[in-house]
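Scrolling down, you'll hit the structures one after another.
In the two assemblies presented below, chain A is common to both, partnered first by chain B and then by chain C.
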Partner chain A sequence: MSAKVAIVGIGQTALRTSADDRIYHEHDYEAARLALADAGLDRGDVDTVICSGWDAVDGRTISDMHTAMSSGGYLKDSSHVGEDGIMALAYAYMRIAAGLFDVAMVTAHGHAESSFETVSNVVFDPLFVRPLGQSHLVSLALQANAYAHRYGVSDEQAAGVVVKNRGNGAVNPRTHLRSSVTPEDVLSSDPVCYPLRALHCPPQSVGGVALVLCSEEMTRRISEKPVWVTGIAWAIDSYDLGSKDLTSLSSLSSAAQKAYGMAGISDPLRALDLAELHDITPFHELLAYEALGLAPEGGASRLVEAGDTARGGRLPVNPSGGVVCGNPYGAAGLLRAAEAALQLRGEAGQGQVPGPERALAHGMSAPSGAAARTDCVVIMEGG
Partner chain B sequence: MAKRVAIVGVGLTRATSHRVDVSYPELVYEAVSGALEQAGLQAGDIEAVAYGSMDPFDGVFAPERWNVEACAGAGVANLPLMKITTGGTTGGSTALAGYYHVASGMFDVVLAVASQRVGESLEAQLVLNTAVDPIYERWQGAGAITIAALQGVKHFWRYGTTEEDLALIAVKNYENARRNPYAHLMRMLTVEDALNTRVVSWPLRLSDCCPSSDGAVAVIFAAEKRARAIADQPAWITGAGQITDNYWAGDRTWYEDWDSLSMLARRVYRQAKIENPLVELDVAELYNAFSIQEIIEYEALGFCEKGKGAELIRNGVTTMQGDLPVCPSGGVLCTNPIGATGLIRVAEAALQVMGKAEDRQVPDVRKALAHAWGAVIGFHTLMVLSSEAP
Partner chain C sequence: MTQEEENIIVPGRWDLPFRHTAGRIASHFFHALVEKRIIATRCPRCRRVLMPPRPFCERCFVPLDEWVEVKQQGTLEAFTVCYARFTGLPDPPYCLALVKLDGADTALNHLLGEAELEDVERMKETVRIGMRVEAVWRDEREGGIQDIKYFRPLA
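Coming up: the complex of A and B.
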C-alpha cells in the first residue's frame, strides 16, 4: 500500500441523555461543522461524504437523504453505510486510497428516539431465533457468560474494567457519564441480563461524531497536525450463535492481523502507545485484548489487575472512558477513532497519555450483538 | 491513481412478488452462486463483500447479517463485509462500493451483492413515506409514486408529452422483459392495454408503475490482472459516480428536467471520455421505475435535447432495433426488488458488454451505461462499462 490517508479534522458534539431541541441529523451537522473548522476547511473543499447509521434505529427509511445534506453533501458524491460510523471511515479511506477523491467527510450520529434493544430483535431470523427474544444485549450476555465461564473470569475482574474506564471518563469533558464508580458500586448494581449488571452496560447517548480525511498531497498542503492512518481492516463473523465459539472474537482477530500487517506491527503490546476499544461490556473489552494479541487466551483480566491498561500503564486502554461512559449507538465506534486521533495530537486534555506516537482504534458494528458482528481496526500515527 | 477494475461475473435470481419457495439466505445464495459459476471462481476466491439492501423494505433489519454465509461464506471466513443503504440507489451505490474496494488497491476480487424482499414488507409506499419530513411533508402522502407523478405533470405541461408516449415506453419495456428470464412482469402489453389500465396517480397508470419484487443480484469486481485471467471479455469500469440533491422535495427546481442527473452525467462522461452519448453508447440500463422517468432520463443523460425525450421512443430509437436500446432487460418497470434494482442495472449492462445477455443481447456492445435513482429522486448513480480497459 503506497497510498497515505490522514485524519485532518475531528468533530465531536457533547454527549447527553436526550436532545429534544434537535432531530437526529442535526448531530451530524454540528459534528461536521466542528470537524471542518478543526481542519480549517470549508464545505466547498469536501469532495465526498460518507454517512452512517441504521435506518430502522432512526425510525425512517433512507436516513442519508437528511444526513448527507447535514454533512455537506449537496451536489457531491456521497454514500451511506448501514453500519457504525467506523465503517464509514473505512469506506472513505478506500475512496481516497483509490486516488479519486482528496477530501472526505465522515459522519455518524446516535440518538435516543428509539430503543436499540427492541429494534435489534428484528435482526434475528423470524423463524427460529426471534421468538426467543434474542437481541443485541441478550446475545452479548450469552457471549460474556460463555467467556467468563470458560476462563473463570470473576465478577470482581469484570468490575475492574468498569472501574478503570469510568475513572478515565470522569476527567473527559467530551463523554456522557463523567463520574467514577467503585468495585462495590458495580457488584451491587442491578442484574440486567446474566452475567451483565447495570453498570456493565453502556448508556444510550445522544450526539454526533465527524472526521475529515485527506489524501497525502492535500494533507501536506493544509494540515499541521495530521494523524496518518497506517493500517485499517475490518471483518465480519458468523451469524448463528449456536455454531460458533463464543469465547473469542474471530472477526476482531482477523481484522487486527491485517491491520497490523499493513502498519508493520509484530508485537502490538510494545508497538502501540494506547488503544481505544469498543467496550460494549467489560467482558468484551477483555475478549478484545485477546483478539488483538495483547494477552493470551483467557489471560486478559490479568492485564487489568496489573494496571497495564490503566492510563498510566504499559498500554492505556480507553483513556477516554470508552463506550461504557459514552455510547451514541451507531457513532460509538467512530468516536474511538476520534478519541485516539485527539490523543496523538496531544489534545485529549486531562486524560492525555504522555507523548503517544501510535494508537489503535477499534469499532464494532453489530446491530445483532454477538451474531455476525463486524469489527474494524484502525492503526494511526501522529504527524 | 485508481487501479483498473472490471466486472467478471454476474448472478441474477428469478423475481416475483413473493419468492415463497426460498428463505432469504437461499435467495441470496441463488445470486452469489450464479456469479461465482459464471466467473469460474470458488467462494474462497472472494476477498471482500459489499452488501446492499434497504432494511425497512424487508421483514428483517440488517438482512446482510442473516445472509452473511450466503455471501461466499463471509462469516465463517471472517471476510470484510460492508453494508450500503442509499434508498433506490442502494444497488448503484453497492456497485460503486465494490468498485472502490478494488480501485483502492486493498482487494483484488470483491463480491457486490444486493437483495430485497419487498413481498415481506407491509406496503412499500408506506415505508417510503417515512423517508420524507415527518412534520412538513409526510402527511401529504409523499412517496415514490406521487413524486414521479409530479414529474409527469410538469413534463406534460412544459413539453407536451402525452399518455400515449408513456404507453410506448411501457410497451417497449414489457416486450423486452419477455426475453429476460429474470424479469418479474413477463406478459404482452399493447398501447391500447396500457391506456386502459387504471390511473394510480395521474398521469401514471398501472402500466407506468414498477411492480414490487423479491429478488437478489451478485456482481464480481476484479483488479486488472485477475480480471484478464478470469474473463475472456471483462466489462471494464471507465466512469462512475454519485450525486446528492437537496432533501426538501419543495426546494428542488427540477421536476421535469432532472438537472442533478445532467450534472452527474457530465462528470461521468468526462471520466469515460464520452462526448456524444447517443452515438457512443451501445446500450443503456436506466432506472425507469415509472415510465415518465425514462423519458426525462433520455434528456438528462444527453441522449437528446431537453423536452425531446418522447421523440426518441416515438421514433423507436431506444427499442431493441434502435440506435440506442434502453433497458433490454425490461428495466425497473418490469422488475423492482428495491435495494437490488440499481445493481441489476449494472449487472445487465455488464452482461451486454461481456456478450452474455442471451436472448436480450444487443449485438456488438462496446460501451454500456447503468443508472439508478433513489431517495425520492434526490440521488443518482451512474457507471459506464466498456469492452476496452480505460
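Coming up: the complex of A and C.
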C-alpha cells in the first residue's frame, strides 16, 4: 500500500457567467484562500503548489504558471499542468506520496474571455482536422451520436440525465445554473450540434476551485475531517478521433480499473456511496457509467430510468448537479473532487447524500472533447 | 476605488503565423490527393490500414512505410450537424463526419455535403450512420485535406 494522502481543505468561489471585476488568477487566489482557511493553515504551511490552466482559453501561453503566485507559491516548489485541475490533484498526490512534501495546494480556474468552441478548434491537428471546423463540442457530438445510434439511446433518455442533474443543481448554492428543467424543456431546446441540444450543453462558467492535500502524519496533526484518497489513476487515449471506438470511453475504463484495484473495489455499484462524474454531455454521463462498470455496455440509460443514480437512489451520481449546471472549463474536473469531498464530510447542504463513506470523483481533461481524452478517477473515503 | 467605477475591457486576439510542416508521410498523402488518389499506411505488425496515414503505429509502436491505396467510397461511422454559430468555425449548418473508406481500418474526419441539413427532422431521415458515401473532389487541388471537397451520400 502506498503512502496515505488526504484532502484537508476545500475552496470554491461562486460560479457565474462573467466576472469583469477581476483578472482570472484572482479566481485561483480566492479559492486558495478559502481552502487554506478551511484547512486551518496559512501560506507558510504550504510546501508545493500545483496550478492548472489552458493557454488558449486564458489568452496567454503557459497560463498555468501565471497562477502560481495566486495559489500561494511565492519562492516555493511548484509545478503546472496544461490540463483540467483534476490532473493537478494527481500531481500533488504523487508529490506527497513520494514523501517529498507534506502540504500541497492544488488550484484551477475557469473563465470566459473567449468562446471555448472558438479556441478549442486550435487544439486540433492543423493538417487534417482543424480546417474542417472541428471543436470540443463538435467532437463530443460525434461521439454522442455514435453511442446513441449503436445502443438506441433515445432523446427522452438523454433528457432524463439532464433533468436529474439540473434538479440536483437547483438546491446547490455553489453551482452556476440553479434551476430545474423538465423533459419538455430539454427536448424543445435549440439544436446545437446534433444530437446535442442547448440544454444538453454545459455553460461556460467563471470561477475557481482549490484543494489542500496533506501527508498522513500532517493530516493526523491538523485535520479533524480528512478525506482520504484511497485510489487514484488516469489514462489517455488516441489523439485521432477516427482511430477509436467512439461508443465507449476506453481511457476512463483503464483509469477506473487501476483506481479500483488500488482502493480494493471489485463491485463499484455496491462499494460506492456516490459519484461525481464529468457529465460534459448527458450522453457522456451514460458512457461514463459503462466505463466505470456501473452498467453493462449500452445499459446505462436504464440506471437513470430506474432512478438508481438519482439523489435518493442506489448510487447517486452528480448530487451537486454536475458539469451541466456548473462548468468552469479547466476546473470542472477538480470541482467534481471538491464536491465529492464535501459529501464525505457531510457538508454538501441540501444536496447531501445520507452518510456516505466512499465516493468516486471523475474528471476529464480534454479541450479537444472526444479526442485525446485524459480521464482521471479518484476514490476517496471519509475519516 | 468606488463601486461605480467601470471595469475596463482590453480587446485581444491571437493571429500568429506558423509554417506547419506536413512531414514526409502526410506530404506523400497530400501529393496523392492532387492526383485524386487516397493512400494510407499499413502497420507491418497489426496489419491495420491507418487513414489518414501516419509515420508510426501507436499501438504496436513500430514505423510504417508500406503504402496502400484505399477506395474513394466508404461508410459513415459517425456524424454531427452543427446548427449553432461559433466565432471562427464554419457557417452553420455544416456536417462533420467520420468516414471509414473501404480498405481502411480507421476513419477520416471530413465534411458531408449534398445532404439536407437545414431542417433537423429532414436531416434525420436522410443522413444516417452506416450510410454509404463517396469523395467529391475539388477542381483546383493544392495538396491539402480540402482537395477532397466533401463526401456525399451514394445514391
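We adopt the following convention: the second predicted complex is superposed on the first by the 381 of 383 C-alpha atoms of A that agree within 3 Å, B and C clash if a C-alpha of one lies under 4 Å from a C-alpha of the other, contacts with A are read in each partner's own complex, and residues count from 1 in each chain.
Convention: a residue touches a chain if its C-beta (ideal position, glycine included) is under 8 Å from a C-beta of that chain, and two chains touch if they have at least 3 such contacts.
Computed from a predicted model, the values in this text were never measured in an experiment.
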Contacts of A:94 with chain B and chain C, given as first, second, both or neither: first
Which of chain B and chain C A:349 touches, first, second, both or neither: neither
Which of chain B and chain C A:117 touches, first, second, both or neither: second
First (chain B), second (chain C), both or neither touched by A:254: first
Touched partner set for A:312, first chain B, second chain C, both or neither: neither
First, second, both or neither for A:191, with chain B first and chain C second: second
Touching partner for A:238 - first (chain B), second (chain C), both, neither: both
Touching partner for A:133 - first (chain B), second (chain C), both, neither: second
More chain A residues in contact [chain B versus chain C]: B
Touched partner set for A:145, first chain B, second chain C, both or neither: second
Doubly contacted chain A residues - partners chain C and chain B: 56, 59, 126-127, 238
Touching residues on chain A, where the partner in the complex is chain C: 20-21, 56, 59, 113, 115, 117-118, 121, 126-129, 131-135, 138, 141-146, 149, 190-196, 238, 240-243, 246
Residues of chain A touching chain B in the complex: 1-3, 49, 54-56, 59-62, 64-66, 68-69, 73-83, 87, 90-91, 93-95, 97-100, 119-120, 122-127, 233-239, 250-251, 253-255, 367-368, 371-372, 374
List of chain B residues in touch with chain A within their complex: 1-3, 23-24, 54-57, 59-62, 64-66, 68-69, 74-76, 78-87, 93, 96-97, 100-101, 103-106, 127-128, 130-131, 134, 241-247, 260, 263, 374-376, 378-379
Chain C residues within the chain A interface of the complex: 7, 9, 12, 14, 18, 20, 22, 26, 50-52, 54, 58, 77-84, 86-90, 94, 96, 98, 100, 106-111, 120, 123-124, 129, 144-146
